[in-house]
Structure formats: structure tokens, C-alpha cells
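Note that chain A is present in both complexes that follow, paired respectively with chain B and with chain C.
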Partner chain A sequence: MDTAIETDRLTRHFGKVEAVNDLTLSVPDGGVFALIGPNGAGKTTTIKLLMNLLQPTSGRSVLLGTPSRRLDPATLRRVGYVSENQELPLWMTVRQLAAFCQPLYPTWDRALADELRRGFDLPPDRPLRVLSRGMRMKAALLCSLAYRPRVLVLDEPFAGLDPLIREDLVEGMLRLTEQEHWTVFISSNDVDEVEPLADQVGFINNGRLRLAEPVSALLGRFRQIEVTLDSDDPLPASLPPAWLLPEAGSRLLRFVDSAWNEPETDRQIRRLFPTSRQVSSTPMSLKAIFVALARTWRSTAVSKEVL
Partner chain B sequence: MLILLLARKYARYLRWELLLWTLLLSLQAVLIGREMQHSSYDELSSGMMVQSVLSISVIVMMGVITVQLVQSDPVVGSTAFWMTRPISRAGLFAAKLVFALLTVVGLPMVISGALVAALGAGGGALVPVVLTVFAWQLGVMAIVFFVASVSSGFARFLLAGAVLVAGFSGVVTYVGPPLRDLALRGWNSVTLVDTQSWVLLVLTTALCLVLALYQHVRMNLRRTTGLTVVASLLVLTAFSVWPWDLLGRPGMSVDRGALDPASVTLSLDPPAANIQPRRTFNGEGRQRSALRLFGGFTYAGLPEGVFLEPARVESRLRFGAGPEIVTRGESRMRPWNEREALGSQDLMLHALGDGPWTSLSALQGHGLEPVLAEVPEAAYSQHAREAGAYSAVVALDAYRYARWAEVPLRAGASCRLNPGRAVVRAVSRVLDGYQVVLREATVVNATSARSRMEGQYVLRNRARRQVFFPFAITVPAAWNPMFFPLGNQLRVLHTVLYVRLPGIIDDSWLAGADLVRIEPVYLGQFTAPLRVDDFVLPPAS
Partner chain C sequence: MLPFSLTFRSGIPVHDQVVYAVKKAVVSGRLRPGDPFPSVRAMSQHLRINPNTAQKVVATLTGQGLLEVRPGIGTFVARGSASSAAQRRALLSDEVERLVVEAKKLSLEVEDLTEAVRDHWTRLSAFPGR
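Take a look at the complex of A and B:
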């Protein structure tokens, strides 16, 4: 499979602040990659480095085979970009904005643009400045979808939008990415909003990429485990490093297993807790996994390899 | 394609500003034109107010348009819409520049040209006017363009502009002079203040555009700022230490039919005339650093009617085995000799032709003299009474007076200027004689390196074969907007000629008289060597 986006030890410092540190990532062609992290984690900086809006302190990134530092109009014609921070020409109407963008893209599909405009319910002749934030985001998305880009980069596209508009956008994007086999790189701090979209997910925290893997694999290896014990035995001095956020009390042990494998997890539990009576494992949502990981990162220094 | 697309966008974005800009320019041109043709000295005050407001509005509008244009697609920050679109950075710069050239530079050129043409100026006056407007507008636009390129928003533009002005002043005041002393020890030079010229304008324009292009292409504000500081220091320092006006060099040609440079020899007259403490513009501490030797030249081998003005003197003075004292003096920006030349009544009588004529005036013209050498104080003390070797290469401007126009001595009569028109507004008797009031509307080239010499009116009585050179007082009769080059080039003058020769010039003399306008005609420039082997410095005055 070809690689749409690649970063190699990408690093960007702002003075003494390490916004992105040693980030190595590979996003295959096709599908949706969600970069998730709390505010200030380095998501926007990563995307800006990718789009050549910022220069890296060290390392490199490659977009559709072109190093980001040398992104040229030919490559940008195949890339769509929407960001909550992007400054649109607010004096333009939606129609004028589309008319301005159209000649820049030989692949601009006028019918698709009209369809998107109707689908997004965008008023064509009102200046962007009088439109709501959500409407502006839709207009930006229209101008990034109508030429059928091979890669769509979305930086917090749903931030601050009301649920209805968010739903519209998500549905629209899902439909298009399925139809067109696009690669979508989306950043968000809200796991819920990207969960329906994402095929792959990357967790970034304090500028470091903590993990990056397919959503299915992630959902498969994380489980919320509850162990009922016969007695109030104290916790052993050392638990397997893959067991996150262990809590014990009232003959109950709870933890998140980040490397769940039913027979192996059972065997480990029996070995460490011979008096255990019942073990239950519950699948976790992406959000629950993200919260568990974020808490773990906050409380301890868990190595990337462990996760 | 891209340029066209972006230009269309800018035209739509700035449509109201452009409309206002066009209206302001047109209104200003109409008012200037009206003033040139109809206004009188008494009507000045009302016109001045309107012109002041218009002039300020024009310059503000020019800044607003340029800043909005550049910052509509900003090249600082990382959030602009265009940055992630297939728009090449160089293409963006080119589009902005082309648009600015068409609107901020081109429109004033067209309007200026139309106005000057409507006022009757031929191609000879039209081309320099239009080129001057181009140079000025481009220069100002380039500076604003650059500052807008490295700032986001109008407030930051103003802040960056203030920093630039402060930096410029700081370099001129504090960095240039010490560097000049360091670099040109033993040389004598003029300061930046002396060398203001179009060369500085051209360099500044080029520098601003190159830096703006760099910022557009690299979008690295820190590096652009660094380059700006270094480049500004280099250019301004170069101007602080550079005694030459570069413009003089390419113009070294003279009308061979009128003058053969090889036949002209020059000598010092008197060999050493006047030596004074050097006047500098850089503060108290520098005023006694050198002495300036002023003097005049006499010329041999000049054809009849031709006269010369020293434009530049490059001299070398050596006493014994001591160091050579080199002086390079540029006179272009200091029109010291105009009055002297104008005072040469024989030349003007010759220009009248149809002679001989008897002059009833006793003209005594003596203007400022060129600087022959600058001598450091220490060298002067050491060699004051010693004979040295003085040599110089002098660039000389050659002129000839020509009878340009004749005008009857009555109110309402008019004559053609070069270009423009003069009208006699009144001829009246005053207490001890007569006065003739004239109104002259003309075109001058504000950035011309060669200062234009004024014409001279001569009162002529053909029947008596007598002429009189009236004393003239000229004041601007129309206010020239400071910031609009068109206004600086179109000039309305209010001239009063005083005729005071009781007992000789009376009503009957004037009844048979007319006015003749004599104008100097530039013949070109050439250089001539000068050598004095027994040169003695005069006592300091």
C-alpha cells in the first residue's frame, strides 16, 4: 500500500517549548487517520508542519511523495485542507469563493461543488463574514472537496460546531471518502466525533506520538477488566505493565488491559490472584481508551513501547 | 493566468477604495489644472485648504490600498487561506506587484500625463513628468509594500513603519558618520543629507521590492527582518560615505555643434579665494574637522554666448611628500551658480540678437562658489604657507541663453514658457517706478538631477536700442502638494518685475517697450582638467 503521509523524527520547538517532538508516523493511502490528543498536545503544529505552514526544527515530513518543505502547487492541487484556524476571505460570498478556487484546480467538479453547497445548505450570495462559524467551515470544506483531493487534511474541523452541523459534516465526509478512496488526516481532541470516521488513530500528548494503529486493533486489545477476589489481599508489588490504572477494594480489582488476549490475561490473573473467583472483560470505546491512556500518561511515565 | 485570477480578486476586494482613489486623483488633477490656468494670487487661501486635505487623503488612500492589497493574502503567520492552495509564492508576489503597479503607480501616471498634456506641454515635458511620477509612486509604494509584507494588520503596519523610520534616523545620525570616518579617513565627503537623490530612491525601491519578494517566497519573518537590518545598514552607510551622485556619470555628453570640449581650458579665479570652516550636518563635534576652500573658475576657448556651470569637482591636493588630500564635491543639489550665470548680462544681450543693445542696468551677479578642496584642519595648519600641487577634474554643465518669447507690455498679454505659459496680469505705476505682475504656469521635473535654471525677463525698447533687467521677486502662486509628485511638478509662480530707473524709464519709454523672456538652454556636460603646481592655501576667513 502506498503512503500518503509520512513523518520522520519530526520536531518543532517554539523557544523552549517542544510542540512536536521526534514524531514518526506513516499514514497509508486511503482511509481516515485521526490524530487525537488533548489541547496543546501538538496536533495543529504537526499539521502545520505537514502543510509547510511551519518549518520544522528538525526531521521531515512527506505529503504525497513530496517533502513538505517543497510543497508545490502541483502537489497542493491534490491536497485539501480545512482548519478551524484558517482565515477565510470573509468579504467573499460562498459563490465568489468557489469561483475563485475553481480555476486553481483542473479537477474541480462543478456539479460536486453545487451538490455540496446544496447539501451543506450554504447560501451562495451572502458574504462569509455574516455566516456562522459552522457555515464558514462548511464553505471551507466545500472548497476543499470539490476538486476531489487525494488527501484531505482537517485540523479540528468540528471544534465549536453545534451537533447538527457536525453530524452533517461527518456524514458528508463519510459518504465522500467511501466513494472516492481519499485519505483523510483529521485531528481532534474529541474522540467521539472522529470515532465513526477513523480507520486508524494516533494518540499524541505533549508533542509525542504515544501510539498509532488501526482502530480495530486498538479496540481489540483494550479491555476493562474486573476481577472478583475471595479475600482482600493486597495488590502484588508489581503488575504487568500493560495493566493500566489498577484499582483495588472490597474484594474487587479493576484495571484496563492494554494488551488483552483472553487466555493470556486469564492466565496472568490466575497467577497473580490465585483466589480470584470471577473475571469479566468489557470492550471499551475509543473515548474510554483515550481517557485511560491520558490518565496514565498524566500519572506515570509509561513508555510508548508498552502501549 | 494566476496573476489575472488574483488581480480580479483584488479588484473586487478593493473596488471602493479604488473608486475613491480615482476620484481623489482626478479631483486633485482638476484643481491643479484649474489653478494653473485661472487662479490668481488672491485666490490662494481657499485653494490651499482644499489641496491640503486632498493631498493628505491621496497619500493615506495610497497607503490603505497598498497595505490592504498586500495583507489581503498575508505572508506572515500560518493561517492565511491562500497558503494551502495551489498558489505559487512568487506568483502571489507578482500578482500583488502588477496590481499595485497598475493602480497605485499607473493611475497617477495616466492622470498626470493627461493633465500635463491638457496644459499644453509637449512630449519633452510630458515624458519626464510621467517618469517622475512613476519613480515617486513606485518608491513610496515599494516601501509601503515591503512594510505591509512583514506585518499583519494595519496597526502592526504602522508600528513596523515607525520602527523603520526610527531605525533609518538612527543609522543616518549615529552609524553613518562614524563609519564614514573609519572608511574614508583622509577623504572629504558629503553626508547622506547632501546626497539625497534619485539614486537613493532607486536603491530603496529595489531593496524594498527584493525584501518583499524574499518574504513572499520564504515567509520567514525573522530572516527577512535580519536581512532588512543588514541591507539597510549597508545602503545607508554607503550613502553616508559616498560622496558621489551617480547620476552625473552617464550624462557626459555635450552638443558638439555648440561647443568643442577640447578647446575649453579652465583655471582658478582667483587662484584661491576663500577658505571657511566646513559646515556639516552631523552635530557640533564635527564642525571643526576640516576647512572648505571655495573658489571660482575662469574659462578660455568658449564659443560666444555659451557659459559653463561646474557640476562636480574631484580634486587632489598634495604638499611635498605629505598625503594626498582628495575631495569629491557634488554640486547638483546645491544650485549655487545660477545667479552668477544669470548676472552675466553680456550673455543675455548676446541672446537678444539684433544688437548692439545698451543695458540700463548694472547687474552684479555673484552666487556661491564651488568647493575646490576640503582640507583637514591639521593639514591646513601644517601647510598654510607652503606651495602645493593642486589638480582637479571638473564636470561642467554647458548652457546658452536663448530668446524664448516676446510679450507686449500690457495686461492680458501672454507668452509661451518651456513648457507652460506666462500671462501679464498688470502693469502699474508705483511710488518710485513701475511694476509688472506676471503669472507663470510651468512644469518642472522634481527629480531631475540638473537643477533647472530659471528664465529671465528683459524689458526692451527697440526704438531706443536700450534694455533694462528688472529686479524680479517670484513667489509660488499655487501650493504644491507635498506628497503628490504631480503637484510638485506643476508650478504656478507669481512674479513681480520692479522697474525703477527714475528720469530714464518713464511712460513714454515703456510705451515703446516689450518684454523678452530669455531662457538658458542646456547643451550638455563634459569634464575638463585643471592643474596648479604652485598652489598656496589662502588665510582662513
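Take a look at the complex of A and C:
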């Protein structure tokens, strides 16, 4: 199994709203893929299509080799799914919930379930109803990890939770990586949270996947550039298309280079701005990159592919 | 507890930050040749990073001769790692290069840079243990 998740021109419309549009991606086995995007970008719809909780308008998705539309219990037993708005039987205690889930999964690992419950600091005998939202999320994650799924799908797991709970969730999630086969597909609008976790990141905006690539490649090719100029020359009519959000003022040019390569960028700057005196390039966080891209998408026509 | 410390800064690949933290621990003597090095899993859990990244850190440091993997036993700080001043200096080559590049961009002379380094050195030496 080399590919854990695949989508092929996946599309879902709600009336006239194109919630997910022509989305094609491939998530290899053995890593963390983070789907990042603003609220309403189509993250949850994508995940629901993947989990067969929604039907696509067109296109298709495949989970562990099985088309989402034909997900069978045998495949679902190898997939964990926790969503922000997880519905749980609130009258049950954590212990009862685990006992309820256990017979559904032949691979249920009782020792792991116990370890997770202790690690998550979950009270075993209090009904979920009286527990905080964070505690309920941990209970839901426990029940999705204890059978050691090969794929774990998390829809906005961190939204609105305090840092301690987030750390618990991440630690629990990382337990999965002890296995031979594991893949995590996580959607989030909290870019900082996923930066140290993700191998690959996909940016989705208005239902379209705008880019998907390894985090290291993305951090490598983006730089915030500042050029000190000798005079107040106006900006040339055309700048390299990889330069995003250019701003000029009082002998200073600032832009985000999305194809940074030190000698090449320096050469371009010297060619366009012969009076440039000093160039500084600063690495950008995933969040800063995301913000720069989102601004660029907003300021250009939807049809124009900038990257 | 991990034998090296780091606080993540966003924008720099996690891999590079961990590699740097380990090198710093070796240079400062906090990690000594022959010391056991944490497993990929322990690093992943403690730093809350992707184990693939932790794996790459070990591969990088092994490739650079700082760690040695003894199959079936574990990973250790390589014997002879950072034993000579030249090797210790080599650990800093990336940082020195960065410093030189930045200094040149600011049109500083090599004397300016060495003076700045010397100033900083003197200031830190006033606080032994750093």
C-alpha cells in the first residue's frame, strides 16, 4: 500500500456553491498530510467526501485502495476519524465508550487504550456529558487510536482547545507512528500547530487545492525580501511572477519571493534595480507563507493561477 | 528528558533546528562521545515532532559523523566526535558562512565582523557557564 489517500478531480457543489472543486491529491503511506485553509475553504467537505459522509457531484476519492463510495466495514476498521463536531453518546462514561467500541474492532489494543486514557488524564467513570469539550475530543481520539488504524483522519482537531489539550492530542496521535503503516490526514486552520508535525501541506482556498508539497520544500522556497534602494524609482511595470505582494516606498522594496534561490534572486534584483544597495532575505513561518498566499489569491482573479 | 534543549522558532525547518540543537549540545560538552542518544520515538514524543523528521535528524547527524548507530543496541554520540578543535570548528561552518554572508550584504569589512565577534565573546565570558 503506497498510497493511503487519493482524490481525483473530486468535486462537490451545494446548489451554486462549489464547496470542493476539481480537487486532486495523493497522500503516501507513512506521513502526516495537513490540509490548511481558511474557514469555509472546503476542508470539512473534502473529509466528508473521503469518509463517504457526503456524495461527490463528480470525481472520486479512494481510501486505502477502496473507493470512498464503496467503503466497507473491513476498510473502516483500518481508518480512524475524529472531527471537530464529533457526536458522542454523552450518557456513556469513558470506560463504557471504550467497552462499546472494542468489539467493533478486532485489532483493538486494550493496553494502548489504557495507556491513552491515563496519558490523556481522562476520568473513567464520569459521563461524557459532564466533561469539557477538550476531554471529549480526547475520548474520541482514544477510541480512534486504540485499534491502531492505518489511516487517521482528523478534521480540525485543535479548534478552540487549550494548549495543554492540544499537546495531549498530538502525543496521542504520535503513538500511531509506532506502527509499520500509518498515515495522518489532518485539516486545520491553525498553521502554527501543524508546522512541526506535517511532512506535506496542502493549501485549499474556495474549494480549490492551490498547492500541495513537502513542508521543507515550501519553507525552502519562500523568503521575505527587503531591498534598500538608492533612489525613489517607481516599480518597473512587470516584476517576476514569483514575487508576491510587492510594495515600494521611501527607498525600500519589499516582497515575498515564492521561488527563492539566493544567487538567482540576487541577480533578478540587480537587473531590475541597478541602484539596489542592500538585500535582506528572511525565512518565513508556514503561517506567514499561508497569509502571503491567501492575500495573493484574494487580490488576483480566481481564474488566474499564480503558482 | 532529552539531553539537548531547544525552543522551536517558526520559519526554520524543524529538522535544521533539531540538528543545530544537538550540535550545540555536543560542542558545549552536554553530550559526550559514547553517550546514548534518544531514539527516534523518544525524540518525536518529547519534541512533539513528526517521527519522519526525527529519523532524518538521526540520518543527518550520522552522516556527519556525530552519531553512530549500533544495530540492535541504539544510537550513540560518536566516539571522536568534536574531539579536536578543528572538528568543533567544522560544526559551526554553516553558522559562520551565514554570518559572513550577512556581513558582506551590510558592506562590513572582515575586521568589523571579527571585532563584533570578539565583543560578544568578551561579554559572554563575563558569565561563566553560558
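Details
Rule of thumb we're sticking to: the second predicted complex is superposed on the first by the 294 of 307 C-alpha atoms of A that agree within 3 Å, B and C clash if a C-alpha of one lies under 4 Å from a C-alpha of the other, contacts with A are read in each partner's own complex, and residues count from 1 in each chain.
As a convention for this text, contacts are C-beta pairs under 8 Å (C-beta built on N, C-alpha and C of every residue); 3 or more make two chains touch, one makes a residue touch a chain.
Remember, it's a predicted structure, so these values are computed and weren't measured experimentally.
Chain B and chain C, once both complexes are superposed via chain A, fit side by side.
By the touch criterion defined above, A:Leu145 lies against neither chain B nor chain C after alignment on the C-alpha atoms of chain A.
By the touch criterion stated above, A:Leu229 is placed in contact with neither chain B nor chain C.
In the superposition on chain A, contact of A:Ile165 is made with neither chain B nor chain C.
In the superposed model, the vertex angle chain B-chain A-chain C (Cα centres) comes to 150 degrees (nearest 10). By the touch criterion defined above, A:Leu104 reaches chain B but does not reach chain C. Legend: residue contacts after superposition of the two complexes on their common chain; A:Gly31 is shown touching chain C, with no touch to chain B. In the overlay built on the shared chain, the residue A:Met51 is in contact with chain B alone; chain C does not reach it. Fitting both structures onto chain A leaves chain B and chain C with a minimum C-alpha separation of 25 Å.
Taken together, the chain A residues at the contact with chain C in this complex read 30-32, 167, 170-171, 174, 177-178, 192, 195-199, 215-216, 219-220, 278-280, 282-288.
Those residues of chain A whose C-beta lies close enough to touch chain B in the complex are 48, 51, 53-55, 72-74, 76-77, 79, 81, 83, 85-89, 91, 96, 100-101, 103-105.
Listed in rising order, the residues of chain B touching chain A in the complex are 1-2, 5, 9, 12-13, 72, 78-81, 83-88, 220. Only residues 8, 10-15, 41, 44-45, 47-53, 105-107 of chain C touch chain A when the two sit together in their complex.
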